[in-house]
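The two complexes that follow have chain A in common; it is paired with chain B in the first and with chain C in the second.
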Partner chain A sequence: MSRGWIAIAKKTARSFGSWIVVLIISFPLFWMVVTALKPRVELLQIPPTIFPRHPTLGHFADLLLRTPFPVYFLNSTFVALGTTVVVLVVGTLGAHSLARFRYPGREWMARAVLFTYLLPHVVIVIPLYLLVAKLGIINTPFSLIFTYTAFALPFGLWLLRSFMSAIPPDLESAALVDGASRMEAFFDIILPLALPGILTTALFTFILAWNEYLYALVMVSKDLNKTLPVGVISLLTTGFDVDWSLLMAASVLMSLPLVILFGVLQKHLTRGFGTGGVKG
Partner chain B sequence: MTTVTLTNLRRVFSDDFVAVDDMSLFIADGEFLTLLGPSGCGKSTTLRMIAGLDAPDAGDIAFDGKRMNDVPPGKRNVAMVFQSYALYPHMTVRRNLEYPLRKQGVSKAERSARGEAVSDLMQLRELLGRKPRQLSGGQQQRVALGRALIRNPSLFLFDEPLSNLDAKLRSYMRAELIQLHKRVGKTMIYVTHDQLEAMTMSDRVAIMDKGRLQQLGTPQEVYNRPSNLFVAAFIGAPTMNLIKGGVDGVGEEMAFRAGALHLAPPSTFAQRTGKLPQGAQVVLGVRPEDVLLYCGNLAAFVTLIEPVGHETIIFLDVLGHQIVARTDAQTRLRQGAAVNVAFRMENVHMFDAADGRRFA
Partner chain C sequence: MRLATKNSVLGIGLFLPALAFFLVLLAYPLAAAILLSFNNVDTLTLSSRYVGLANYWDVFADPEFLSALVNNFIYAVGTLTLQVVIGVAIALLLHREFYFRSLARGLILFPYMLSTVVAVLVWRWLFNDLYGFLNFALLGLGVVDKPVDWLGRMPNAFVSVIFVSTWKFFPFVVIAVLARLQSIPDYLYEAAIMDGASKWALFWDVTLPQLRSVLSVVILLRVIWDFKEFDMIYLLTGGGPGHGTETLPLMLYKLAFPLSQMGKASAIGVFMLVIMLLVIVPYFRFTDVGGEERTR
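Let's turn to the complex of A and B:
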């Protein structure tokens, strides 16, 4: 009897704790949404209103119709999707090679890949800038795809490699004997079984490319090629003046794709973060 | 109709480990051949080379006389059953079964017809919609066999397929596999470290050790005439008694001496061995069933008794040598008892102590 009460009390305490953490973390998000919906007069009122008295979608309309925000949004989408595709294609094939084939320098290469991940991004701004300039893609979205791939690929390779190593080699052997070519075995067996790892890598890459500011600022100065983080800041902060309403509306729209992605992929991600969830 | 010829196969792994060396073997059409040996002896590597999953560093593999070295596994028309079963975890039983046909480009209608025929044969009807992880070990095994059967291959390869089953299911599946071989009549190559499987199922057994073929023969041949010490010690449970000693006397007068033990092999023995030099170092092999109790003149006492049920294993001290004998379950011998024993000399084996080769 008393033991049952203790268990219930413990459970309640734990979920109470979780709720407090959730509230603390989600408050800024809540405030962002609320601010975006408030008319300008209500914005700096003291005492502040928690819920807008006269909610409006006008800021969203302004942002979408009177500013180049939609262009930045498309640029960001193109860069983030492009980077994700490149990282997934190179990452899955490379990880498969590192996990399955034996060749001289394999381990050395795998470690070198990890080493590149140790360098802070800001350290290689200048070399990467020169490289991108030499390739003639400076000021285009491709410069960012190139750069973000360099950042996301090492993580992707390592994560995917551990996923693929966990897949029993017999499965691939069986597929080969059953008449599949190497590529077919890769598509039929390895990719579906490494799916949680692939989705995790995809999401990591997408978020990195979507949020990145420094390189986007350095590599692209042409206004119509800017991505969201750089574009929005240069659009809405001029000198000492910050347009909070539009900025918050932009922030809401910027975070939407990530919220949707997380929602859709949540189930696979929890499996992905607990690496090695493949049972043979 | 498929014969398999291996010629001087050799496989060296990157760390200079010679997995298979100078392996030559001819497997007749419709034969059930077992590759038997301890773990790491190269039997699985040999099988993987036959399947095309591993490439030999030297030597040739031929099916029906046609060189196969450069033919990819999928084009060799072989089916393989793995120890882990290697069922595709993300596919249903039906899709697992149909996978080889899908890769051959067989039409959908024919795929499902053949899939159903095989699932009836392997009693998998009710399981077709399930995923492998929802099946028991025995059911997974049947799916793996079904996937091998469905494409009607010319050669079946088995890599320790029964090792993951419990003892009862294993003996049942052994009988099933023998039946299967009789029914389909295809050439089958079976890898195992379990001599019981090898002895009961095979037409011929190829015993391997350290990457080399030690002996090739019918189960009776390898049991009754092991060609070297390794085979003698490997085949048979309890294992053969091996007594190290020297040859005394030449020709008809030949005798075997090991400490206080003094034995005179029958005269036919000398004819078989040819002339052994005086003092040659040899190993005498006596199977436990060739140790006769209550007769002869070798004084022995019982050190341990192991009743197995249908028989009793008796550990003896025969003039300072540890000897294992096998006798019926009704024995009245007790630990410490003294008993006279004799060896059935026409059945004893003699090996060269230096290189382990069989003399006779």
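Let's turn to the complex of A and C:
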């Protein structure tokens, strides 16, 4: 009995210690949220209030009604979803090919995939910029969808291939014996079983496309086609009446989709990043 | 039925879309970057003229290049060291049982998901010299006696850049190490405790050796990613004050876009690539071994 109480007391003490560390590290996230909720007078108060005394959603309203933020948000949504769809289609087909078929150059391709995963993208920013300019899709969301697809594919192919290779070939063979075609077996057997890998790839791709800054900066200069990262930074320098509360409100809103995705799929995400990061 | 040997035409067909993306958007640009570095490009007409190694000599002779290279190494080594030390410590912390642990894990991992833009905005507000929380807290605690200019002077700007990068990127180390910690068998600890090992000894003699392989891979990946980091530094300081925090990716960007010196910028890119290869090649050797272990 008393041993049980000691264990609980120990765990409580440990919880306090651990949570103090966790809260210190996540303080900037907390500060972002409370700043977004503070009215302007409170923002410039010394000492600062930890919790807003008169919380307001006014900055969110300003952001949505008086700045192009909603346009940036829609652009980012289109680019991130577009990239995710293309990566999933191209990636699942390609990974299935790498996992299940044998042809000359296959191993070589698999290595090239890993190499491009590690290729620093800043090195090819100039040729890609020139290429996109030549194709006439500069300043369009498609320029970003194409480049982000190329950036996310290596990780996607690698991860999906490892998931698909782990599916027992017998399941597929059985379907073929029952008269299914190779592609029917792919849709009915492989895709459902590879779902965790597909979700992880989708999340990784979405986050990459949602957050990417350098290529969005270089390829899209027309204000109404900008994605969130470049658009929000441009709020800093344009003529709008911008204060830190507004920028924190923008930060909160642009992080919200990631919070939701992360919350819903945390398990897959953790596992996926583990697999992708550690096992290449 | 042998699946693998059949239908190799279908197999190649399924890979073609991916191959097209690779060739057009990765392989061609890579080749073009190397070619560009030997040319002078006129950005108006996009015509280029072969100049041999002239771009490279120009770049190497530029004192800005040497300082960017040195900054690049200091930044990468500095932030990586902190990421690994803090990452391992936090992973150990999150590995122990405590109340609401999964919420704590979510909070710790979250900065890694965030856009660098968000991280930079939040920290620039915390660093604000008049109303920033950081100066307020440090003044209140008596650590400093007047507000610190975190981003506008050296060496503060460099320290701030390393610090914020660490905050943003250490969760990657946590994720990888935490996954490994969960798979260390208990009997290793039990045996060590039977032998009378202290907690400190348990960490050095049991935990750390088990983490060796995961840490090697994490460090190699993070070296590559930290070395090429652009967003964080560009958005926090723009490379300033002066060229104080300018690294090679920033120099490349500034030469290529505001200044339109595509050839010279490409030479920097190729130089970076060569340095990367020195890191990537051992990575390949390493994962080859890991790959065999994995399939067994």
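Quick note on the criterion: the second predicted complex is superposed on the first by the 239 of 280 C-alpha atoms of A that agree within 3 Å, B and C clash if a C-alpha of one lies under 4 Å from a C-alpha of the other, contacts with A are read in each partner's own complex, and residues count from 1 in each chain.
Keep this in mind: a contact is a pair of C-beta atoms (placed from the backbone, for glycine too) under 8 Å apart; a residue touches a chain by one contact, two chains touch by 3 or more.
Owing to the predicted nature of the structure, the values given are computational and were not obtained by experimental measurement.
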Notebook entry, point to check: Does the superposition put A:184 against chain B (first), chain C (second), both, or neither?
Noted result: first
Note to self: Per the contact definition in the header, classify A:192: touching chain B only (first), chain C only (second), both, or neither.
What the structure shows: first
Item checked: Partner chain(s) touched by A:66 [first = chain B, second = chain C, both, neither] -> neither
Next item on the list: Report for A:3: first if it touches chain B alone, second if chain C alone, otherwise both or neither.
Entry: neither
Margin query: On the A-aligned overlay, A:263 touches which partner chain: chain B = first, chain C = second, or both, or neither?
Written below: second
Item checked: Comparing the two partners chain B and chain C, which touches a greater set of residues in chain A -> C
Note to self: Per the contact definition in the header, classify A:222: touching chain B only (first), chain C only (second), both, or neither.
What the structure shows: neither
Notebook entry, point to check: Of the partners chain B and chain C, which touch A:171 in the superposed model: first, second, both, neither?
Noted result: first
Check: Can you list the residues of chain A that meet both chain B and chain C?
Finding: 102, 173, 176-177, 278-280
Next item on the list: Mind listing the chain A positions that touch chain C in their complex?
Entry: 11-12, 14-15, 18-19, 21-22, 25-26, 28-29, 31-32, 35, 43-44, 46-48, 89-91, 93-94, 96-98, 100-103, 106, 109, 111-116, 118-131, 134, 146-147, 149-150, 153, 157, 162, 169, 172-173, 176-177, 182, 207, 210-211, 213-214, 218, 228-229, 232-233, 244, 247-248, 250-251, 254-255, 258-259, 262-263, 266, 270-271, 273-274, 277-280
Margin query: Can you tell me which positions in chain B touch chain A when the two form their complex?
Written below: 14, 48, 51-53, 72-76, 78-80, 82-84, 86, 88-90, 99-100, 103-104, 133, 147, 151, 157
Checklist line | Sites on chain A touched by chain B in the complex | finding: 102, 168, 170-171, 173-181, 184, 188-189, 192-193, 278-280
Note to self: Quick check on the complex: what are the chain C residues that touch chain A?
What the structure shows: 1, 3-8, 10-15, 17-19, 21-22, 24-26, 28-30, 32-33, 36, 46, 90, 93-94, 96-102, 104-111, 113-119, 121-123, 125-126, 128, 131, 133, 136, 140, 167, 172, 175-176, 179-180, 214, 217-218, 221, 224, 227-228, 230-231, 235, 249, 252-253, 256-257, 262, 265-266, 269-270, 272-273, 276, 280, 283-284, 287, 290, 294
